[in-house]
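A short worksheet on the structure shown next.
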Amino acid sequence: MRISELLSSEVVDETGRSGGWVHDVRISGEPGPGEEAAPFRVVGLVIGGGRLPHAWGFAEGRATGPWLLRVLTARGARQARFVPAARVESWEAGTIRIRGRLGDLPRLIDELHR
Amino acid sequence: MRRRVIALVAVLLVVASAVWYGHAPPRSAQAYQSRAEETAEALRSQARAAELWVRAAAAGTVTRQAATVAIEDAESDARATASRFDRWDPPPELASTRTELTSTGAELVETLTRLRVATHERRWEDLPEVAGGLGPLADRLTGDLTALRRGLR
Amino acid sequence: MFAFTLGTLSAIGGFIDIGDLVADALVGARFGLALAWVTVVSVIGIACYAEMSARITVQTRRPAFDLIRSRLGPGYALVGLVGAFAVTGLLVMAELSGVALALQLATSVHYLLWVPVVAAVVLLLIWVLPFETMERIYGLLGLTMLVFVVAVWHLDPDWPRLWSSATTPVPPASESWPAYLFFVVTLIGAQMTPYEMFFFSSGAVESRWGPKDLTEMRVNVLVGFPLGGLLAIAIQAVAFLVFFDAGIQVEHLAETVLPVGLALGKLGLAIALLGVFAATFGATLETLFSTGYQIAQYFGWSYGKVQPPAQAARFTTVVVGLLLLSTALAMTTLDPITVTIFAVVFSATVLPLTFLPVLLVGNDRQVMGQLANGRLSNTLGTVTLAISTVAALAALPLLVLTRGGSS
Amino acid sequence: MTDHHSVRFTLLDQQVVDADGRRIGRVDDLLCDDPGPGGEPVITHLLSGAEALGDRLGGLTGKLMAAVSARLRTTPDGPSRIPADLVADHADLVHLRVRLADLPDVAGLERWLSAHVISLLPGAGDADQ
């Protein structure tokens, strides 16, 4: 499975409701031979809010300006949700099924400031 | 797939019509008239430019090499402008406009050709005399332009 | 201190290329100084983005455009890349022809005979000359174009008339609004040249700029570009003074330099021609390299003038290939002036795609830290982005509507 | 803050640099395994080169890019892969722990051009410096 396939997949919850496309993939892991080395792994997916807030870095909070672009993407950035890997039922590229309902998913901003 | 084909065809049509718009001959009297104006303006510009170069060369403010190049350019530009205008059919009511502009164009091309030959033969002192016809030609074109613009209203 | 002034001076000379030489004279002859405000706007815009991209370079030690792909995604970045490739292909052809035309005016040997000679010299220089030397030599020689500014005074202008033309940003009686707007877009395309930024920031990487070079860079941008803009306005002004009343339209490079001859004589003309030669020659190298950089950076290849060619084989191949392609294009006898106008108009259409990612990266605090954009950069950057977006959308419709500006 | 980060900004599309600091390509895609329900997929390889990129872009352009690149490839199967455990650091650039010379199926075109075209010209320098 390629990451690009994940990035063009649709997320569907157990009631069959679609949460839209995967806009970002959250990864973790520290490469290298050292003590704390751990392989890169996918810890979750990001959905909702449209493409641009994620592409431009506003959803993740890495960019705060310029003002105009922030305002344009503010709504989307607030709507973005985080899908923890533990909630994923099947990783099949194309359609990713998750347990529970979309409404239960944490918002991305909350997850980032946890 | 089908949508993509339709989009592609649409884009090609837009491009083709844009190119056509740029190159199509004028169809209405009004379009012909505005092309005639453009032609007169271009011819006048070429006449005045050549005149300016000749005067500058005579006064010694530009090099002969540069003046030669500029005169060659003016000639080929005028030839191109005149022959392009010649290819368009005039609407009947503007036949006289065509006759007038074509003959002025031909005269201008002829003058510029003689000028070019003179520069190639290095007859530098003759240039102002050969170019003497350019001023009146430019004035005639200004007259044509005024007449054209008056006719438009 | 010496490098200081040297860099500033080459920014002045580097501002002008074939697009400016053609568009400024053309606009001056037809519109007087009624479009001078576009040059002012363009200078502010390009200076803002050049400063931003150089700051990004200083912080990340990578050219700003290295980061385009991660911001736009590979798809849009590819669109930008293909667009830029097509535009620079045309531009290199125009710049090469510009060098050849300058040589033709000096020798009256037809320019098509000069094109292959010039191309061969460019090829040789790419191979042997280090980056900075190249940039400096042509930047400094390009300074001779300041004779255009001197020529304005020597033509003894009616200053109030110049001023009133500059402060009346509407088309003169003889011109239509579409034509006016078309040349607004043309000037934006000619003066906000993305390759200047590409080159600026890629060059900064190759000369290994650090935070201590930030001041030098800012001086270069904030002094060099406005002076370059002044030069552009001077070209418009002399064309206005000599051609406007006579109704002469500028159709050749010869007419760009004629006013200097009229004002300052043969010597002035020769100096102006040297300036044209240097500016177009330098711009040929810059456009070639910036395209090479852009392609290499998109795919992540190694690139640059610092490495020996064999260590940047794909980069070198692309640059040489593009040079050969453009030479072939120039030899088709397509009119270089027309090609220049088309190239700068197309260049305006891809402008927002180069500005947006730079603006985004400049605001990325995780990448930029202390050097992230301030309020001034962001305000000017957003306004410039908006202007360039409008210009990009209007460019092609205006090109068709005005038949390339002829009506 | 959390201990995970966005793949778009830290890994995907980033510049890959070998142990000598030489640019060898971009992270055009990432390969991961399927962990089954509730598991975390582990990223096993970085994919680099126009073939992986073409697959990712899709459409006519992508297919063309992938096909041309696959045709130029000298090694047998699939887009060039770099094992993910060779990554030393990925703060900004993705640094590898090995040299380009140790990755036989990466940047094939660069090697070929370097060896067969550019090096043969005078003043080109040495590809393996």
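Here are some notes:
Note that the chains take the letters A, B, C and D in the order they are written out, and that residue 1 is the start of every chain.
The working rule: a residue touches a chain if its C-beta (ideal position, glycine included) is under 8 Å from a C-beta of that chain, and two chains touch if they have at least 3 such contacts.
Remember, it's a predicted structure, so these values are computed and weren't measured experimentally.
Using CA-based centroids throughout, the chain positioned farthest away from subunit C is A.
Averaged C-alpha coordinates put the centre of subunit A at 63 Å from the centre of subunit B.
Spacing of subunit A relative to subunit C, judged by their CA centroids, is 41 angstrom. Centroids of subunit A and subunit D (each the mean of its C-alpha atoms) stand 24 Å apart. The geometric centre of subunit B is 57 Å away from that of subunit D, both derived from CA atoms. Subunit A has residues 55, 57, 62 in contact with two or more other chains. Counting partner chains per residue, subunit C has residues 73, 366-367 touching two or more of them.
Viewed as a network of touching protein chains, the structure does not reduce to a path, ring, star or complete graph. Chain contact summary for the complex, subunit D toward subunit C: residues 8-9, 12-16, 22-26, 28, 48, 50, 53, 56-57, 61, 92-93, 107, 109-111, 113-114, 117-119, 121, 123-127, 129. Those residues of subunit A that touch subunit D in the complex are listed here as 1-4, 24-29, 31-33, 39-44, 46, 54-55, 57, 60, 62, 85-91, 99, 111-114.
Across the complex, subunit B is touched by residues 104-108, 242, 246-249, 251-252, 254-255, 257-258, 261-262, 264-266, 269-270, 273, 396, 400, 403-404, 406-407 of subunit C. By the touch criterion given at the top, residues 1-12, 29-44, 47, 52, 55-56, 84-85, 87-90, 97 of subunit D touch subunit A in their complex. Every residue of subunit C that touches subunit A in the complex is listed here, in rising order: 71-73, 359-360, 363-367, 373, 378-379, 381-382, 386.
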